[in-house]
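Quick one: the structure is below, and I'll ask about it shortly.
To keep things simple, chains are lettered A, B, C and D as they appear, and every chain counts its residues starting from 1.
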């Protein structure tokens, strides 16, 4: 089975050149000019960019949370991803209290089973940091899991203390697993939440008051310091503000093995969007919370100067008006208190166009840097490179055919995510995926899904790299 | 009772001018030129500087630690202080497990009782952070205690978690008490200690490996962030390295109510001094540990640019060769393991001459800045100003008559501290106190102690100020 | 002749204490409690602060500029200063082409002659940097001039090249004279001006485009580097933006002998005020130009953290509607082109109340820091300390009696400056001078001028100090 | 004519993958696995890395300087380059006084004519900044010159003032030419030189005193600011110290179009090497001068964090003992005064192995970053990409076959540069080029030069890019 993409412009994290790409057995086998097309399916990509399929290193599909479950399961979420040019993601498998880490992965494998459209992996999130759990960490490598998440927030639920974090780092270091942190000070959040609620401060905007920026900075500094001491590779997820990113810059300048991820929404949604009258602000409740336009500028600059290396979505979808018409309960759960809002913002479909339009078209980042932060760096950091994350010989033929001139208006009315609102509603972007190819198979073509449920495959990951 | 100091040059934290100073009832009552001297004891200070007596905001006298007790009690320690030009200090009263905070103060008051030579106050160190203890905090104001110390280190002994730290900050904020932190990550230290000891790494130098600089930076960032969130005034004690001081600079630039103290030894003793062959390095075991000459440069610059505001000693004296000839056990306790070394370095006597010579004579800091960092700022930060910390009308007449030309070689052979070694052994300094006056009474005159035990008075403190 | 100020609170750059102040022969001779008042004029200052009279280190009175002359001469300008609590200023004497530096001073001495109300000194501005002029520099000390200004801007008029700047620095260093720079890149401004004018861009707002912030940063970096290489003491005047102040911070952190001045208007007038429709923006034309609110925040922070040490006014008054009713031509001169606007903003009267209200009342700076930046530091930097800049024994009794509770609304209708607009029009301030005393003589009392023209005296200055 | 390189590992600035590379007509035409080799010359690269040939963006071959000429002409210099894995360089064509810029290029074209071994381009260095010269700038694009150098140093010889620099930037911006600066303050250097020489300070070490680091920082800040104002793309050559690189970081963080180059020697030769007794220090005389080990650390960090983007050599070879045995005069010219030392350090041959060994083997930079800073970024910055600087379809087949395990000891005894000393004498490196291929032709194979003089071709350059 051969496929040949002709006349396109290949873009990698460092290079841009015109070439045909031959795909055999799902892998890129030949890159060259004027490749002969006999015996091959031919895709004409004249005028198009050929970029490595997007990799979203941070998603939550089919995730139970606060008495409900995200609206996007693996089918709807991955379908939306494919429409947006994302060909692979790494979802979070949460260990359950009393279970092993592997049981967490197995539970999530079951959720994915038979529903997949794009390729995927799992981070394990440790939530029951017993000695047994910590000792189990190295064995994750055997099941293709090369990244482990530890929460410094969510006290009483997922939070681990510094001793557990330290020990987990040691195990991760020894087994060459990437240690990921959700870095906010959970003790402070718990106290602030208790106080705000007790004071009857229940509107969505108070979510911001419970999650001050300083404690994201603090927890980031803490994780970075412990990484420096243990030597573990550290990847801080969803960095939202200058407080934490400044700590990342300090750590990287000192030569530590640390890197940072931000999320699309932090460049477009702000505190003022949460403080609007009424309940609308609940849409943007997530942790860490949205911040300010000044932080957004800082993030763009940090993506450019390599302090931050990846852009994820932290996709986590709840309907704004759930619990009716057979819909799962959603954001409305927090109407009598912001602390009951299911946290999360959808975005798995929009990351690539939004970053391309606002980053590349505006000149904030180069085309190659766009590829780096949406795909290549995530593949390297998550131990999927060179199988994923580039267009190179031997790599999976995960390619997005990108029309740099196609215009589109983002809207919940037309998106493929199973959720009733969109964070970028009304944004007009120029530059859209027109064909999404995974392992040589066209998954989405010009607005049409072309594969069956179950097409997406699990990716065994190992040897993550700090970039 | 009147005393008049004639012909000297008064130096404050901002001004330098020639004037006579009249002291009545222990207080400065008149500053002027050619004051009439009838009816007054006259001290001729021609050619001398008159500076506010030194205030050492961080000492440990008569402190039990690791199975022994510091060699300097209130009598010997305060006597040495007086010889060095220090007229007031604030010692740490440690709450005992199961006791109230006040009982801690009472215990330390008893230690001081009848032995005092200079004036003094007590910080309370909270070590049993029960709800009762935390609720007790505001009442400290009633007993003249306006500063509260919390340990982020010494796991299993004094360390409190972030929830307790946060709550203590709230109470301190409400009662206008300065919250002080020993900022190192105790969890990490405990794990590192356990590992080093288990690996048979027992020489004094391994003390350094158990206290990496990064975790001082981390814990400082954490305390600063919690201060920013709660609004509590924060004073971080004994900052030793660029990692933590850079965090202080960040916090101050953001306008937080935070300030930092360093100690004399961090500018003169280094890691290389602890890594010498043999056991000599044990002399310099303290927490945080000594660092590098580059850190020392950073500290000097930070004292100059107002990131750091005070220089203390953390005076804590143990004999290098204790346990013999009737001496208390000392540093030798750690011969079979660095973790058993009683931590601490003596220095209460040397701070003023060492800082004057190395700071003022070298041009690193101005004469006025010397007064600020050795006296005025400590008085303000600790709630003793304007009673202490300046030469001004109505202030206690705590004055050191300083001969800028007097030369002296520091040595354990001649010092007045009750300990068998000196951190500045052999250092030749120019500029020495020749008379130390407290509340108008000459306490030390030209090498002679002039008061009886019990002369020193407890200082009621309130309304600490961030400078 | 004795005067005694009773019951006030003395404030210096470091201290605050209640005391009576006795003044004899124009100097502070005694500070104490309950001073006997017989034989002395008594001023009751109960409830009042007694602060060192303001020193404005940067003014332009009776200055010819662009075909006209500033509206404030020494009489009106100094009168306004006195009403605002300023007791001393240093004006710029401009060397004329072909003249010696001394002739410049003489010319300005004549302007002042017989018109003075407050004390004053002169900086010399070198504008004809011949070898003779440069060789003349050391002799300035003989006429009490300890500061020399060099322009890096105003090409074709005052600008000197780097060789002349370097040589001037060497002379200043050798003679212990403070080298001051107006730091903007004059070559770039000249080119930009030419281009803007050629393009018909003539509205006041284009003044901003001709003076981009980057070239203030550049020229500051250049002056600082040359100071570092020559060892000359450097004082950069009217620093307006983060670009230049960040360079100052770098230089100070490296230990160079450099310090910076800002001006009141940079914290309150912004680019948006110059870009208003119509001609109103011409009021705020000055060099460097006004910047942004973010720069203002940066300036406040830099005043607090000691990167900047003084606040001046660069007082330079032209009527907005001049040239009519016998008035000197003013801002209207630029109606057909922003490059013809006489540059300058008045403010000599408003600096003290504006900084007090917005700085001290808001908590941005402490009361002592207010004294430092409005008086003490200028005195030290300009070689007038301890004669001026403090309330201390032997110093000139230049004291402003300040009512911290007095409210006032600033307005051109009521101000004493001879100019038809005010930069702070309508600003309501709390905290005003109620009596201004110079050398023991009340100059302004409760809204009434109490001295005759000619009262103000020239101050011989020497030995400037970097603070 | 076909060549196929089999079994190697292709390395680009972002990717690493195993593939065969087919070369047709001097260009990479096919990259794939198991390419058929019939009809092609086959090169076996099993175990080897295939990297884009090195590009040295800063060299001086056959350059007259101070009464002599560099020992390496285009033949010997380019031969040495080829042996070291460098396949292309950009040399500086100096405009002569009274000539046009094009005549400068023509003069250098003649020097190269018939002697070339590797590909090459020319920067033009403007030295006679008349209006005609400046107006000529845009026409450089017609002769394939897309970079223009301006000297802020060498007063009286090459230096231009800020007005000329500004105008040159405007022309460069309009014509899309990269403006390059040698950033040191020439006025200061001239004065310092005059003074040192007059004082009889003539030993090589005084070269350092004439070129203080602060004035490199200053001139860099100035060039960056003028770039920001004009919008010209700026590339600062041979950045040697933290003073200037910190300015580059500031500029890039503000989003300016600026980038920086360093040179190999700044990481390995230091002030102490110039201050040795005797005349040996003359070997390391270059401008800017060598600095300190701390600067070297700062440079490595800046190469890693993308503040600096290229490593060049500034190759400029003079014999240490010239003027004898028919040799050109060399370093000995400065025996009676450091100011007569011909400036320059040879290194065109050593850059690649030295950076690989000390950067990649040590873990300071990744393999991909090595490619970026030694080749890809220079190609982009100099307008040669994608013709040069990568291994991609359609690019020139400039490939270095690199044996990561080959060990070599660098020495003047064995190097191919025509000069009697080596800056890295005795350095043992691991990782060496074993075959150098240019446009598909093997130029050096295992220690043997395989092409004739004249093989190297001129590269037409355009559209430089800030990376």
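Criterion: contacts are C-beta pairs under 8 Å (C-beta built on N, C-alpha and C of every residue); 3 or more make two chains touch, one makes a residue touch a chain.
Small disclaimer: the values here were computed from a predicted structure and weren't measured.
**Q** Where are there more C-beta contacts: C-D or A-D?
**A** Of C-D and A-D, more C-beta pairs in contact link A-D.
**Q** Which integer distance in Å separates the CA centroid of subunit A from that of subunit C?
**A** Those two chain centres are 55 Å apart.
**Q** CA centre of subunit C versus CA centre of subunit D: separation in Å?
**A** Subunit C and subunit D have C-alpha centres separated by 49 Å.
**Q** Can you check how far apart subunit A and subunit D are, centre to centre, with Cα atoms defining each centre and the answer in Å?
**A** Roughly 40 Å, centre to centre.
**Q** What are the residue numbers in subunit A that touch two or more other chains?
**A** none
**Q** For this entry, which pairs of chains touch?
**A** Pairs flagged as touching, ordered by label: A-B, A-D, B-C, C-D.
**Q** Using the touch rule from the top, collect the residues of subunit C that touch subunit D in their complex.
**A** Per the stated touch rule, the residues are 161-163, 166-167, 185, 187-188, 190-192, 212, 214-215, 217-218, 221-222, 224-226, 228-229, 243, 246-247, 250.
**Q** So in the complex, the part of subunit B that touches subunit C is made up of which residues?
**A** 10, 12-19, 22, 29-33, 35, 252-253, 255, 301, 304-307, 366, 368, 372, 376, 386, 390, 392-395, 467
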